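Two complexes come next, and they have one chain in common, chain A, joined by chain B in the first and chain C in the second.
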Partner chain A sequence: MTSAAGTLAALALALLLAVALLVVLGPQPSGALRAFFWGPISSGLAWGNLLNECLLLTLTGLGAALAFGAGAFNLGGEGQTYTGGLAALAAAVVLPVAWGPAGTLVALLAGAAAGLVLGGLSGWLRVRFDADEMITTFLLSASAVPLVDAVITGPALGSAQSILIQSRPAPEAFWLPGLLAPSNFHAGVLIALPLVVVFGLLVNHTAWGYRLRLMGRNRDFARYAGISTGLYALVPLGLSGALHGLAGGLGVLGTQHALVQGFSAGWGWNGIAVALIAKTNPWAVLPAALLLAFLDQASRTVVLQGQFPFQLNALFQAAILFFITARFVVPRFFTGRRKP
Partner chain B sequence: MNLVPFDLVTPLLVAALGALWSERAGVLNIALEGQMLAGALAAVLTHHFTGSLALAVVVAPAFGALTGLLLAWGTLDLKADPFIAALGLNLLLPALAGWVSFSLFGNLGVIRLSTAAPQWFGVPVFFVVALALTVATQALLFHTPWGLRLRAAGSSAALMASRGLGTTGLQRQALALSGALGALAGAFLALTLSAFVPGISAGKGWIALVALYLGLRRPWAVAAACLVLAWTEQASNSLQAFRSLPSGVVLGLPSLLTVVVFVVTSAAKKRFSPETVRRPSRGRNRK
Partner chain C sequence: MPPAPLVVLEGLSKRWSDNGVQACDVVNLELREGEVLALLGENGAGKSTLVGLLAGTIRPDSGRVLLDGKALGPRDNVLDLGIALVPQHPPFSPELTLWEHAVLGDEGRRWLGRRARREQTTALGETAAQWGFTLNWNLTGRQAGPLALQRATLTALFRRRPRVLILDEPTAALPGPEAEALLSSVAAWCRAAKTAVVFITHKLPEALAWADRIAVMRSGRIEAVVSPGQTSLEALGALLFPATASPEPERLPEPPADAPVVFETRGTRADFTIRAGEVLGLTSLRGEGAEALEEELTGMSPLPEGCLHMDGRDVTGHDIGELRRRGLSYVPSDRLGRGSSPQSPLASNVIPYRVEQLTRRGLLRGRSVHAYFRELKARFGLAGEAGQRLVTLSGGNIQKLILAREMELGPRVLILAEPSWGLDLEARRILYGLIRRAARQGTAVVMLTSEPLDLFEVCTRIGALAGGRLQAIKPVAEWTPESLGRVLLGLS
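Right after this comes the complex of A and B.
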């Protein structure tokens, strides 16, 4: 069975699980199913929110795909995104308002830089001390999240009237222009889409990308072929962190206009799911992100409309991650071929 | 300061032993975090409905073993990537826990118990159990033919094949055992606290992996590593007494200290061990 069919099987299984749960546990199965499949595309507002989430998942997914494709596990996406959001907010607060769009760009770059430092640090620890990046990315992210929380609830705390715990808003001059108002969608898409093209070309059509993929396939062989395995472990993790940080920056300047406590929860893990569905190919990241964004919005709609008691998102992520790399064996009965 | 912070060491040690069994069999279980949480809930629910502490510490590992078998089915039978599948399990188990807690109690909050963890001459019984498990792990893994085969499945699959022995069954047993220990660790955590709290495992399943590396994959050294990690946690807890320190710094400190310790041991290993003894790049060379 080809790998594409395996991906489809995993997605189908996840979807089947969701439908089964909706039918069995929903108070009213037909309403739950309608809310699930129709809700995320039922109005302009819903479309905008769907596209906004797709845009953010494209960036985190691209980041995860870049690292995974080079054989480096970046499990710190959550913390890198969160820290990126904080850095972007800090830059937006400090910069003079007169800078306008240039200031927005600088603030987003600050977000990306924060992610770059966090991801690159794990890469450097891997190269210099042989410390497993799977563990260091996760732990660094886990220690960054409470620190950012401390800044939100401490020096940067906004008004007490808000229901959410959040920082002071970023200056309005630096907000990304909204699209499809009143939804959350915004002009960040003009940054995300070109990035997909850039990394699609870089990874699939340059010698650098070829070496990167070689690292992912077989590190020992890459080393044998004379590739500087150190550099090719450091750069993907750094870039992966930068893309996560940028996503955090867009979340702050485009979507929420302030740093909301825990806003990036799930972006990192969802990004990993996107990267795996896309088989770490940057071109496939966009449709994969759209799919996961749909599933996420669908399970939100079901809860909001009172058709289901709890969020299904985590179950989706779990089922997809569990099955996505599995090799499903089609029974011999269907293929008509003998076992080798 | 306690010389041996029993309540901090016990869950960490039991989970680290779970990590040890899986790692020695060549199928490192990184789903311990989720399994601890599931074990905590299983133990608390069992105690809530039956009132029996003994039953609680039996049901939790039994459920943990099932999750281990699920992971084994995914990685050994469906040939899924062990890391990715375990991440899936780490997301699945808290989601299921939330669902179960919601459908039984109508909220996602704290479930309280009216029980105290039993003591034995001033030492928590759970700690004694953890030490006994360390002895048992040492004995079974290093002094029985089964333990030898299990370690061979992890270190020299080719040798096993040349002797006509399969590795799949042994690895499945190791994953089940690892899941059982992970869940038992969670059960100890919750029963000591007399409550289930969402997110109760709080990264301990990951820190158990660090204890495993820090302890150079040997049971007694792992126990010593758990003691060191418990001291750092205790130190960061007592730092909370200083009002001037923001809570975020204190909450982030255990992970930060752990990553520092982990990097130092990795560096030491890189420097002092010959190239041949270094760990294989497990799973990195994905097909």
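Right after this comes the complex of A and C.
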């Protein structure tokens, strides 16, 4: 399995770069290294935060993997997640508090629906106008983000004195029960894990999933084989958007309990990295998400320790994304065009 | 003593690694100043490869090109040294205008402002007028058709005073009088400028009328070099389409007269009916109409005119999915791009039409998929294992797998496009056996092919297209390679 070895090599390179930066730049390399490798798993709180991030990345990664697996590049994960968060919050604010857990589910479905609409719109543009979904998902997402920002800072603004720019909180009745308190981890895991199983079976072990993968591998072959390629472009993009939207909803109702400006920063993009590490296989999404969540939490711990500037975290993320995407995206572009 | 040749091709060989075709096999050829050489050959004879080797766009496996006695190296800019190639379909940028295309690579250090642009277009226009055509140089690549692009390329390259000018099928898309005008100016201007010309053509009268020498290629070799005065249409035709002395092939019986008509086209440029158990071969020279049938008969692109009937039902405008449900199977000429998923395992490549049957209680189980693959492997003698990626197979084995997948359904109609491309003799023998097997089981087989062997080995009837239309359709016994060649060349 040379491709698996290549993935590991790319990750090892990224990790090596991180370690090198810690050693070269830090005044106390040993402390930094310890914080990096031990920090994310040193306490219940750390574990909780790690698992919370893993949970969200699992959903966005699953969404990205589903679209990539069908050969549709969904680059709009950020906006779909963010919009999903807003929709979930709006539903939570509107619904009567007496609904309790049922209201939580409805609010999460509203978040998923918002993502579904955004992703599905790109799918529809692909089917109807043959518009490249790589462009439309990105642009729709890029325009959704400022709109959501406008709602947060406008009608939905919470306290003007708060350090974070955030909306009014969602009613406490709809919060997802926390796990491993006081960490951010919550009962959303009971939704995310079954979804991994559902999509793992759907993609790898059904006729529908077979056609979807065929689309991803060779769209011309899929069309030649009589598969309705339009449907198989529309549905994965819609579902991909829905999973991102759900992640946004869980972020609001499980983690933040309000819509914090920029709360989804990075989840959409990191979801892409997760999908690429997992090679678009839903079964591999969970370990890939755990790995990326660990790297993110590790660099955050190092930053919090005070030795390094805040930007280090972004630098690590960039390094990881760079090595992973160089490994996967570049071959895709170079082998995608065969001479006739 | 004759003057030293301008260009010498010395033992040029090229084998394409992706399909294993020996496109050029130790080719030796000389070109002299101011001479016009016509290059003839069937499709796939290696003509385009040979001119690509000469123009430096293709690297030879062995052999070399000498210009003025000096060998060209891989780093030489062959165009600057004076060898210019006008491809049949010149590469272009949709955004750049024709005059920008023309100055590309020859911009110098001038500022390409409005004045330079006016000067350039005027100069280009004058050259074009010498050649007998006018062009709007301000059209973009997207707006200009292939013909205008070809003419613009020709004009631009000629202005660079090449020593060798190569034209790849310059007249393929031209009506008779225009083709004649183009070739007469090429001949006149290049003789005056002492430029050697090589032009590829499928039209024998052109070669006879305008060339000083005619080279005939077959299977990657130069079969003969003749001068027009010493040959005739018939002699050239015989060189191109030799009477093959192959052993009498195993003949399929004509289907009984009451066999049902399965597939039919009406009011199209190639009308035919085909009954169950027949193998109909349709052929043409490249660009003369048979290739486009692959898209039109299979629902991959709409029929430009007329209608399509399957089992007596009008299926015009149905897409390939609908036609497949009615019992159409199709083996495409593009086997890796369209006919398979090269990076997927063999098992994934054989089950697209069987996924529903292989699904039990909603789940597609690996075990049943593998069992199905093994069954198919045994029935058709396939190579490889279920989990192996398709690209790891040889071209012949890939084709066999595609054929098995399409035939296994017991189709009403099987459409084969260039089924023997890149196959060696043994693989062809297997292919022909499979086609006969399908026909005996009552499948109507339509084969679109440019390969004479395909036609005469397995077909019960042969139809020949020329100029985009079906010219003749007859039982195979009423054809000879020579008579077929004459129809294809438009000689009868």
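Keep this in mind: the second predicted complex is superposed on the first by the 309 of 340 C-alpha atoms of A that agree within 3 Å, B and C clash if a C-alpha of one lies under 4 Å from a C-alpha of the other, contacts with A are read in each partner's own complex, and residues count from 1 in each chain.
Simple rule for what comes next: contacts are C-beta pairs under 8 Å (C-beta built on N, C-alpha and C of every residue); 3 or more make two chains touch, one makes a residue touch a chain.
A quick note: this is a predicted structure, and the numbers were derived from the prediction, not measured.
*Asks:* Please work out whether A:G249 is in contact with chain B alone, chain C alone, both, or neither, and reply first, second, both or neither.
*Replies:* Neither: A:G249 stays clear of chain B and chain C.
*Asks:* Which holds for A:D132: it touches chain B only (first), chain C only (second), both, or neither?
*Replies:* Touch status of A:D132: first partner only.
*Asks:* Tell me which of chain B and chain C touches more residues of chain A.
*Replies:* B
*Asks:* Kindly classify A:I324 by the partners it touches after superposition: chain B alone (first), chain C alone (second), both, or neither?
*Replies:* After superposing on A, A:I324 lies in contact with chain B but is clear of chain C.
*Asks:* Thinking of the overlay built on chain A, is A:T206 touched by chain B (first), by chain C (second), by both, or by neither?
*Replies:* Touch partner of A:T206: chain C, not chain B.
*Asks:* Does chain B (first) or chain C (second) touch A:P236, or do both, or does neither?
*Replies:* A:P236 contacts neither chain B nor chain C.
*Asks:* If you stack the two complexes on chain A, which partner ends up touching A:G71: first (chain B), second (chain C), both, or neither?
*Replies:* first
*Asks:* Pick one for A:L214: touches chain B only (first), chain C only (second), both, or neither.
*Replies:* second
*Asks:* Quick check on the output: what are the common chain A residues between the chain B footprint and the chain C footprint?
*Replies:* In chain A, residues 217-218, 220-221 are touched by chain B and also by chain C.
*Asks:* Quick check on the complex: what are the chain C residues that touch chain A?
*Replies:* 300, 319-322, 324-325, 330, 332, 334, 336-344, 348, 351-353, 355-356, 358-359, 362-366
*Asks:* Mind pulling up the chain A residues that touch chain C in the complex?
*Replies:* It is residues 201, 205-207, 209-211, 213-214, 217-218, 220-221, 223-228, 338, 340 of chain A that touch chain C.
*Asks:* Taking the touch rule as given, give the residues of chain B at its contact with chain A in the complex, in rising order.
*Replies:* Those in contact with chain A are residues 74, 78-81, 83-85, 87-89, 91-92, 94-96, 98-99, 102-103, 108, 203, 206, 209-210, 246-249, 251-256, 258-259, 262-264, 266-267, 269-270, 281, 284-286.
*Asks:* Inside the complex, what are the residues of chain A that reach chain B?
*Replies:* Touching chain B from chain A are residues 71, 73, 75, 125, 128-132, 134-136, 138-140, 142-151, 153-154, 216-221, 269, 272, 276, 309-310, 314-315, 317-328.
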